Structures are given as C-alpha cells and as structure tokens.
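You will see chain A twice below: alongside chain B first, and alongside chain C after that.
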Partner chain A sequence: MLVDAFLELLNLWVLVAAVVGIASGVIIGAIPGLGPTMAIALLIPVTFSMDSIPAIILLLGVYQGAIFGGSISAVLLNVPGTPSSAATAIDGFAMARRGEGGRALRFALYASVAGNIFSCLVLMALAEPLARFALDFGPAEMALLMLFALLVIVLFGGGSKLDALIMVLVGACAGVVGLDPISGTPRFTFGSFAFDNGFQLIPVLIGLFAMSEVLLQAFDRDHDVSDAEVPPLKASVVRFVELWRMRITLLLSSVIGTFVGILPGIGSTVPAFMSYNLARSRSAAPESFGKGAPEGVAAPEAANNAVTGGALVPTLALGIPGDAVTAVILGAFMLHGLAPGPFLFRDHGLEVYAIFEALLLSSIPTVILGLLFFRVAIHVTRIQPRHLLPAITILAVFGAFSVNNSLFDVWVMLGAGVLGFLFRRSSFPLPPLLIGLILGAPFEQSLRQALLTSGGGYDIFFGSPITIGLAGLIALSLAISLALNLRKARA
Partner chain B sequence: MSVKGFGGGLARPGFRTLTTGLLLAAALWALYALDSQIQVFSFGDAGPDARSFPRLVLWLLAAVVALRLVLSLRREDDAFRLRPLGRVLAVVAVTILALWLMPSVGFFAGAAGAGIVVSLVLGERNPLMLGLPLVVAAIVAFGGQHGLNIPLP
Partner chain C sequence: MKFTRRLSLALLGGMALFPSATLAQQDYPSRAITLVVPYGAGGTTDISARQIASMAEDLLGQPIVVENQPGASGTNAMRAVAGADPDGYTLIATTSSPSFVTPALRDVGYDTLQDLVPILNYSGPYHGVVVPGDSAYESLDALIEGAKSDAVTYGTAGAMGGAHLAFASVAKETGAKLQHVPFDGAAKATAAVLGGHVDAALVPAYRDLVQDGQLRLLGVLDGSNDPDFPDAPTLKEAGLAAEFPSIVGIMAPAGTDPEILAKLEAAFTEVASSEEFETFMTDLSQPVRIMSGADLARTIEDNLTAYREIAKDLGN
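Right, the complex of A and B next:
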C-alpha cells in the first residue's frame, strides 16, 4: 500500500500543488490576522477542477505553510501571524532585536520540519487507534486536561507564579464575556450584540503583542530624533550540532503537539506554550528564555507544526474536526469525494496514504522555500523603528478588521494594546493571559457539562482511568512545584 | 521589561501599582455588577449555573490581585514619566480618532492618518519618510480589497 501510494505521488502536478500550497501558505500566514483557515478557504475554489490527490496536497501545503508563516512576522515584527506563533515571538523577536533574526527563523524552520515529520509518522502509524482513544475523552476528561494545561502554565511558566495566576484569571474573565456556553444567556455584554461572540482571539493577540509594542516604543523613545541603533545582521547559520543539542526538546514538543492536536477544541496555541514552558523548565539556563534563547523558538514551533498531523487524526479517522482549520479541510476532503470517517481508510486507502506521504515529503520544499524567503524577509530587522512601527499600526488595524470584517474587533485590538502596554510595563507575563482566554470558556463548558451529567456529583472526575490519570498528573505537578520551591528556599 | 525606577509604595505609585489597582477595581466592580449582567433562569438543574464560574474566577482574581498589591507596595516600581506617557496617549488618541472616522473617511485615510501621527510621535521629521505610511496603507487597502476580497470600510 505504501509503495503504491508513493507511486501516485510521481506526478508533476503533485509537486506543483505542494510548492504552490506551501508558498501561498507561508505568505498568507505571515500576514497578521490571516491564519490557515482563511488561507485554505481562499484556495478551495482553485482546487475544484483538480484531481483529489493534488487538490488535497495543495490545501494541506497551505495549512503547513501558514502555520510556519505565522512565525516569520512573529520573529521579525513581534506580530504573531497566527495565535500559535505568539509563543515563538517571545524569544524570536528578542533574537531578531540583537541581529539574529536569520538564526531565529532558521531554528523555527528546522523545528517546524521536525515537528511535522514526527506528527506525520504518528499519523501514518496510529491514525485509527489514536482516534478511537480520543473518542473516550468526555467533558470530565476534557475539564481535567484543561485544568492541567492551566496549572502547567502557572506552575512551570517561569517567573512569579502569583503574576502568572493573575494573568490566567484575567484571561479566564475575558473569556466569560459573551453568550453562556450552556444556557446561551448573555454575560457582561452590556446589551450590545457585538459582545455576544465574546472577544475574538486574533484581535486580542494583535493588540497584546503588536499594538502594545508600538506604545512601548513610543514610551521608550529618546528625546533626540537621531536614528535608533539597529544591531548589525549576524550570520544566520545554524549548525547541526546546535539542533542535536535540543533533540529532546524537539522530541517532547513534537509529542505534546501531536497528542494535544488529536484532542478536539484545543488547537495549536496551548501546546505551543506548554512546550515553551517545558523547554524553559528543563533548560540549564532558564533565565535566558524571553531574552532570545534558540530553544524558546524551536520548542513552540515544533509543537505547533506537530499539531497539523495530530489534528488530522480525528478529522480523517472519525470525521470529527478538532478546530476551524480541520473543519475546512474536512469539507475539502468531502468536496473531492473522500468522505472522512471510519471507512475512509478502507475505501480510499491509496489516496489517504499518498496524502500522508506527501505531507511527510513536503518538508523538503518547505525548507527550500523557507530559506529563499528568509533572504528577503530578514532585512525587515534593519528598518528603523520609526519607519516600521507606523506600518505595524496599519497592519494591526487591518489584521484585526479582517477576522470578522468588523470594526468592533479593531476596538478590541486597541483595548488589548493599551492593556498589553500596562501589563508589559508592569512585568506581568502575557502568555498565561492568552492561555486563560483560550481555555477559560471551554474549561467552564466541560466542567458544567460534566457536573450536569453527574447530577452535580464530583465523583465523575475520578470515574474513569483517564480522569484518574489526569488527576494524578495534576497532583504530581503541584507536588513537584512545591518541592522545587522548597529546594529553592533552602538554597 | 524590568521593574525599576523611582516609583514605589502608595506615596509614589508606578505602573505596577496602577495596573494592579485597576485590576482590583475591575474585579470588584464585576462582582458587584454580576447579578445585573448575568440573568439566570433556573429549571432545577443540578450543578453550577451561568453565574457560578464567573463569580469563582472574579473572587479568585480579586484575592490574588489584592495580595499582589500588598506585596508590590514594598517593591520599587516603574515610575510614571509624564512626557513619554503623553506620547503613548497621543498614539492611543489618534488611533481612536482614526477608528471613529473610519466608517466615513474609509480605511485608507484613517489608517494612513494614524500611521503618519505614529511616525511623528516616534520622531520622524523627514517629509518624504512621512509619506511611507501612505504607501503602506495604500498597498494594504488595495491588496485587502482586491486581492483578498475583504470589504474594508
């Protein structure tokens, strides 16, 4: 089957589709606000007249390219093109500021490829059994998993745990705004329909990272109007030995990305931050994180690219999309006569394995196109802040508007920008706020669904092997954090 | 961003004190307004209702922020400086004005205007370079409307 599937790929149109898909994805992903969902939606009409294999390869190339493309603007401009690249911006932008933008982008590229290869191998080997396992996750399991993710961010995110907890709670409070997930009651909407959908992630993200950067630079500008000192561009070479040193980080991040990607509704932002925090807690120099640590770029990139393969597991094997992007991909599969679900592998095994292999092999054009694109993109870091930041302001307004074609989102972006400015000047960490915003609403929904199912009894959280395992992990995290604190206090 | 300067304590509050105080005030106000902002129709369901989670999160937030405020008062804080703060307020004000006017003057004029003021605030005085935001806004507006079919205002 695998050999036959490979023979299906020996077609010029497959190569053209992969290259066009990846290139389009990288470019669209690099534009703030235009994530993989919009990139795929824009290109679906192009595939109407194509054969199924090149058509799906083009769309999956866009998916991969857009996830990676998001990291380019994150590293060079501190404007995450996609939510999942917000974690990459932390150390990537710090590296770019000291003239190592090229190295940061290369670390991001190689880590992305590593994550992608790992998740594709998992997809090929375990798609069917893993999808069945993911089906065992009910509301109680999801609630505990999200609580675990929130705890990891607070306990092992580095810096002050109290500040991280405050930011998680601020994010969770922001997630409350909108319609109640169970009863549909408006909450803190002030009678306005615009608030009913709550705060969209992309405008908040652009405000917190991009607009707040403009405000910070306006605050920090010196009185004289001389050119700001721009660091010289350093060599962009990344040696194999540097990547080899972070092999465990890359592997763990890929595992986190792949397996969290399999679970519906979590997306790629949470595993990116989880991997970032894990890399920092494992690092011999955790204090270098946030100041331009290459591992701080590689870990989230490996994780968010590994999500692509993981998210396809339930989409293809069960017909259950994990998020908006995979829902669009699922639609594209159906459009081309490949109905996702348990019979997909039986009825269209050849096409499916050809697509998996193409996804694996697409790492080669990704590296080539990425390296070509960097040669031009890297010069963005040479532009004076007073020339670059007005452009960022314009892009931020455009990016926030383009999410829902709504000026309300631009107001949200501006509000998030002001808050981001205050939080950054006050040394509050932004990643926990994002995680709180992303996981707050689904956590509440799962919690309440579980309690409704059990008639209000809390024993549902200890009623299955998965919940017991997750509760054990939560207890273990608390114990480890306490032990680390005690050891630090004694030292 | 390091927390340093000459602020600190209640006598000379800095950014951290201000931000923490604002968060505490917001959390307390939200708790006060909770019942009026969230209507609950009880049908006898067991378990938490639409108010339970927000109430829990807000109480937790108020408690940890109050603790942070008490701890922060002993620390040196990032002091307010009026001139730089004026520049920040200018950028925020001009962006608000641009957004306010955007439905009538359009995306291009609003975004370009905001970009030019940001350039001026950041120290640009070269008239040629002040035209750069015009070019960027034109490219973004044209590309967005015609390339991506986004109905910009």
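Right, the complex of A and C next:
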C-alpha cells in the first residue's frame, strides 16, 4: 500500500503542486490578517480542474506554508502574521533586534518541519483510534482542559502572576461581548448590530501586537528618530548540534501541538504558548527567555505546526472539522471526490496514503523555499523604523478589514492598538490577554453545555477518567506553583 | 437564445452608440455582477455559490464576482444587500438562517420579504435527527416517549437556530422534556452525539456516519424525505407539527426591474438544472433542490410566521 501510494507521487504535477502550494502559503501567511483559511479558500477554485492528489497536496502545502509563514513577520517585524505565531514573536523579534534574525528564522523553520513530520507520522499511524479518543472529550472534559490551559498561562507564564491573571480576565471579559452562546441573546452590544459578532480574534491580535508597536515607537521621546541604529546582520548558521540539544523541547512541543490539534475548537495559538511556557520552565536558563532564546522560537513553532497533522485526524477519519481551516479543507476533499468520514480510508486508501507521504516529503521543498525566502526577507531588519512603521500601519488596517470585509473590524483593531499601547507602556504582559480572549468564550460555552447535559449537577466534572485526570492536573499545577512560591519566600 | 460572449459584446457595442435609460433592462448585464455570500470563503454555501456563479457567467455574458461578507449568522450581509441599489448588479446567495430564522427572533435591520426579492432556490442540506448507533431510541416516537419520563438532551449548531426552534415547538406540543444544548457549529454537535455527550443531535451532513452505523437517523426536519434515506420520516409524517425547511437560494434587493429578475431566474435555473451542476453538488454531498422565486418567497413567508409564533412561546 505504502509503495503503491508512493508511486502515485512520481508525477511532475505533484511536485509542481507542492512547490506552488508551499510558496504561496508562506507568502500569504506572512501578511498579517491573511491566515491559512483565507489562503486555502482563495486557492480552492484554482484546483477545480486538477487531479485529486495534486490538488489536495497543493492545498495542504498552503496550510503548512501559511502556518510557518506567519512566523516570518513575527520574527522580523514583531507583527504575527497568524495568531499562532504570536508566541514566536517574543523571542524571535528579540533575536532579530540583535541582528540574529536569520538564525531565528532558521530555528523557526527547522522546528516547524520537525513538528510537521511528527504530527504527520501520528496522522498516518493512528488516525482512526485517535479520532475515537477525541470523541471522548465532551463539554465537561473541554471545560476542564481550557481551565487547565488558562491556569498554566497565569501560573507558569513568568512575571507577576497577578498581572497575568488581570490580563486573562480582561481578555475573557472582551470575549463576553456578542451573542450569548447558549441563549442567543445579545450581550453588551449596546443595540448595535456590529457588536453581534463580538470582537474577532485577528483584528484584536493585529491591534494588540502590530499597531501598539507602531504607537510605542511613535511616542518614544528618547528615540533619536533620524538615526535609529540598525544592528549589523550576523551570520545565520544553525548547527545540527544546537537542534539536537533541544530535541526534548521539540518532541514535547510536537506532542502538545498534535494532541491539542486533535481536539476541536482550541486552535494553534494556545498550544504554541503552552509549549513556550513548558520550554521555559524546563530550561536551565529561564531568564534568557523573552530576551532572544532560540528555544523560545523553536518550541512554539514546533507546536503550531504539529497542530496541522492533529487537526486533520478528526477531519479525515470522521468528517468532523475542528476549526475554520479544516472545515475549508474538508470541502476541498469532498470536491475532489474524497469524502472524509468513516469510508475515506476504505474507499480511497491509496489516495490518502499518497497525500500523507507527500505531506512528509514536502519538508524538503519547505526547507529549500524557506531558506531562499529568508535571503530576501532578512533585509527587512535593515530598514529604518520610520520607513517601516507606515507600511506596518497600512498592513494592519488592510489585514483587519480583509477578515470579514468589515470596517467595524478596523475600528476594533485601532482600539486594541491603543489598549495594547497602554498595557505595554505600563508593562502588563499581552499574551495572557490573547489567551483569555481565545479561550474565554469557548470555556464559558463548554461549562454551560456540561451543566445543561448534567441537569445542573457538578458531578459531571468528576464523572469520567478524563475529567478526573484533568482535575488532578489542575490540582497538581496549583500545588507546584504554591510550593515554588513558598520555597522562594523562604530563600 | 444563448448569450455568447461575442454576441453580448456586439450588443454592448451597439448599446454604447445609443445610450438610453429605457433600454437599461435590455442591455443588462453590461458590467460585472456581485454575488454576496453571507458566510466565510470555503464553506459549502460559498463553494456552491462560486460554482453556480461561474456557470451562469457564460449565459449572462458578464463576470460574476463572489464576495464573502461573513458575520452575525449572515445577517450583516443580508442587511448590506437589502440596502444596495436595486439595479441587478448586487445579489446574495443566502440560506434559511438569515432569511426566516434570525429575523423572526429579533430586529436584524431588514425585512426579508419587504427589502429583498427571491430569484430561485437551488439547494438546501437536509437536517436529520440522529442518535448514536447503539442508542436505545429506535424511532422518533420512542425518543419523544422517552423524553416524557427522563430529560433527553439534543445538540444543534447553535442557539436559536432553525433546528433548535423546530424541536422547541415539538417539546411544547408533546410535553416532552427535550433539553437543548447549543454547540458552536454543526460539526461539534455531531462530534458530541458520536461521543455520547448528548442523546441526540439535529445536524446536516450525516450520510456516511449513518451508513457506517455510527449514527442512527430517526427522521428529517425538512418538509420532504432525504432521497438517500427515503425511510426516515419527516417530523410531519411522524405526527409532529413542526418542520425546518433548509433553503439555499439567490435574492436581489427589492425594487429590481422585473425583466432583470426574469433574466436572472432563467439563467440561474438553467444552470442549476444542468447535469454538470448536479455532479458537482453530489461530490459536495449537497442536494440540488430547485424552487422558483415565487415559491421561495412563499416558503419564507410561511416560515417567518411559524417561527415568530415559536419565538413568542420561547419568551423572546
């Protein structure tokens, strides 16, 4: 089977499709606001007349390329191209400021490829059993898992726990605006239709990270605007030994990414931050994180790329997409006669395994194209900020508008920019705010769904092995955090 | 007569020499038409709209540009198109939810039948009542009877959607304790019923999972049977006075010239009845269900009334 599938790939069009897909994915992903969903949706009509295997390979290449492409603008401009690369920006941009942008990008690239390969192997070997396992995660299990993720961000995010808690709550409160997920009634919309949809993630993200950066620089009085110092570009060699040293980090991040990817509705931003925090707490030099630690770039990149393989597990094995990107991919599979679901592997095993093998092999063109692209992109760091900032502003406005073709989102972006500027000026951390916004609304929904199914009884949160395990993890992380605090207080 | 590109170009050239307002509807379309899709790019509504648009381009002789305006369950796009110039150059490919479900619940800033004119209906996925394959409920009757003693939970794609309202009226009529659990999209409701977290779900796209035995189809919410499962009854056939007809159709702003509407209806109907479109929709697991503009208007009117009644009962 695997050999037959491989023979299907010996076709020039497959190679062309993979290269075109990855290249366009990387470019679209690098533009803030145009994430993988948009990239794939734009290219679906292009594949209408293609054979099924090259068509799907093209679209999955776009998916992988776009997730990775988001990290390029995150590292070089501190503007995450996609929400999932917000964690990469923390240490990546710090490295770029030191003139090590090329090295940061290479770490991101190799970690991405590692994450991809890991999750793709999991997808090939275990798609069906893992899809069954994902179904065991009902509302109660999801609620506890999200509570755990929020707790990890607050307790192990570094810095002041109170600051992080405040930011998480601000994000969660922003998530309350819009239609109530259970009763459907408008909340805090002030009678305006525009608020019905709530605050969309991408405009808020662009505002918080990109726009606030522009405002920070613009209001930085100490700055000598005419002669901003541009760091000299340093050699961007990454040796294999350096990657080998972070093998455990890469493995753990890939596991987190793949596992969270399998569960519906969490997306790739949360696992990226979780792996970042894990890598820091495991590191021998946690204080170097945030100041340009290569592991701080590699961990989130491995995780957010590993999400791609994980997210395909329930999409292909059950026909149930976990998020917007996989929903679009599901449509593409159907259009090409490969209806995802219980019959996909039985009826189209050859095509599916050919596609999986192509996903694995696409690491080669990804590395080659990535390295070529860096040679050009790296020079962005040599542009004077006063020339770059107007361009970032335009990209930010354009990116916010393009999500829903709505001007309201542009105002949300600008508002989030001012808010992000104020928070950064007063040294509040922004990542917990982002996580609170992403997880707040689904946490509320899962919690209330669980209580609806249990008829209001809280026993549902201790009713299955998974919930008991998650509750144990929550208790354990609280205990560890408390113990660390006590030890610090004594010392 | 077929409008080839060359013929229409020739016609346009002629019209340019003798510009006349009274001829506006005859030289329609003289420029690109915008077809708004109220959902994100890449979903089934979007993909089918893009296909029908690209096939209709050949008949109308002008490009049709598909524009996605997602948000607020489709009501944002409906409001925008309702307020657009009624010149036939702005159309919308829309579904049940923003046509007659949400407008029955709250003020959405437009009145579907006052502000828009239906041109035709061309699809509409069947929504099924599904339970896990090993569920004790073998039929709709059994489910309703079971819910009279113990509460039965059911998942849908979201709060106050058509499926929820249809079952809410069943619960009221039969006195069954049907507990609604809204999910964020039909896919998640399907996952919840497969994992046994809810007792039943009201979702589309169930075919393969039912054929595989992972789910059991008890009935459909539509007014007619799903051709893939002719034995699954509609709610009415099962003796329940409720239905949720699923529509996917094209509408124009009210006040559009009747001749333009007739031209569009003819072109889109010809495309939608073609074998090529049927094959395309089958690959997409979507049915082709053609209804004239007038019939679609009647369906929307009937359901707006029915859903307003249900909403009143729910205390909205």
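Following the convention adopted for this analysis, the second predicted complex is superposed on the first by the 486 of 491 C-alpha atoms of A that agree within 3 Å, B and C clash if a C-alpha of one lies under 4 Å from a C-alpha of the other, contacts with A are read in each partner's own complex, and residues count from 1 in each chain.
Quick note on the criterion: a contact is a pair of C-beta atoms (placed from the backbone, for glycine too) under 8 Å apart; a residue touches a chain by one contact, two chains touch by 3 or more.
These figures come from a predicted structure and were not determined experimentally.
In the superposed model, A:372 lies in contact with neither chain B nor chain C. By the touch criterion defined above, A:328 reaches chain C but does not reach chain B.
By the document's definition of touching, neither partner reaches A:476: not chain B, not chain C. Touch criterion met: A:452 reaches chain B and chain C at once. Contacts of A:196 after superposition on the shared chain: chain C is touched, whereas chain B is not.
Touch counts on chain A: comparing chain C and chain B, the chain ahead is B. Contacts of A:44 after superposition on the shared chain: chain C is touched, whereas chain B is not. Of the two partner chains placed by the overlay, only chain C lies in contact with A:337; chain B stays clear of it. By the touch criterion defined above, A:395 reaches chain B but does not reach chain C. By the touch criterion stated above, A:405 is placed in contact with chain B and with chain C alike.
On chain A, the surface patch touched by chain B in one complex and by chain C in the other comprises residues 38, 42, 180, 182-183, 185-186, 405, 452, 455. Listed in rising order, the residues of chain A touching chain C in the complex are 37-38, 40-42, 44-45, 134-140, 179-186, 193, 196-197, 264-265, 314, 318-322, 324, 327-328, 331-332, 334-337, 339, 341-343, 404-406, 442, 445, 449, 452-453, 455. Residues 34, 38, 42, 162-163, 165-166, 169-170, 172-173, 176, 180, 182-183, 185-190, 211, 214-221, 223-225, 385-387, 389-391, 393-395, 397-398, 401-402, 405, 407, 410-411, 414, 417-418, 421-428, 440, 444, 447-448, 451-452, 454-456 of chain A are the ones that touch chain B when the two sit in their complex.
Put simply, chain B touches chain A in their complex at residues 1-3, 15-16, 18-20, 22-23, 27, 30, 33, 37-41, 45-50, 52-54, 57-58, 60-61, 64-65, 67-68, 71, 78, 83-85, 87-88, 90-92, 95-96, 98-99, 102-103, 107, 110-112, 114-116, 118-119, 121-125, 129, 132-133, 136-137, 140, 144, 148, 150-153. Those residues of chain C that touch chain A in the shared complex are 40-44, 46-47, 50, 54, 67-72, 75-76, 79, 105-106, 108-109, 151, 153, 158-160, 179-185, 187-188, 190-192, 194-198, 205, 208-209, 211-212, 214, 280, 283-285, 316.
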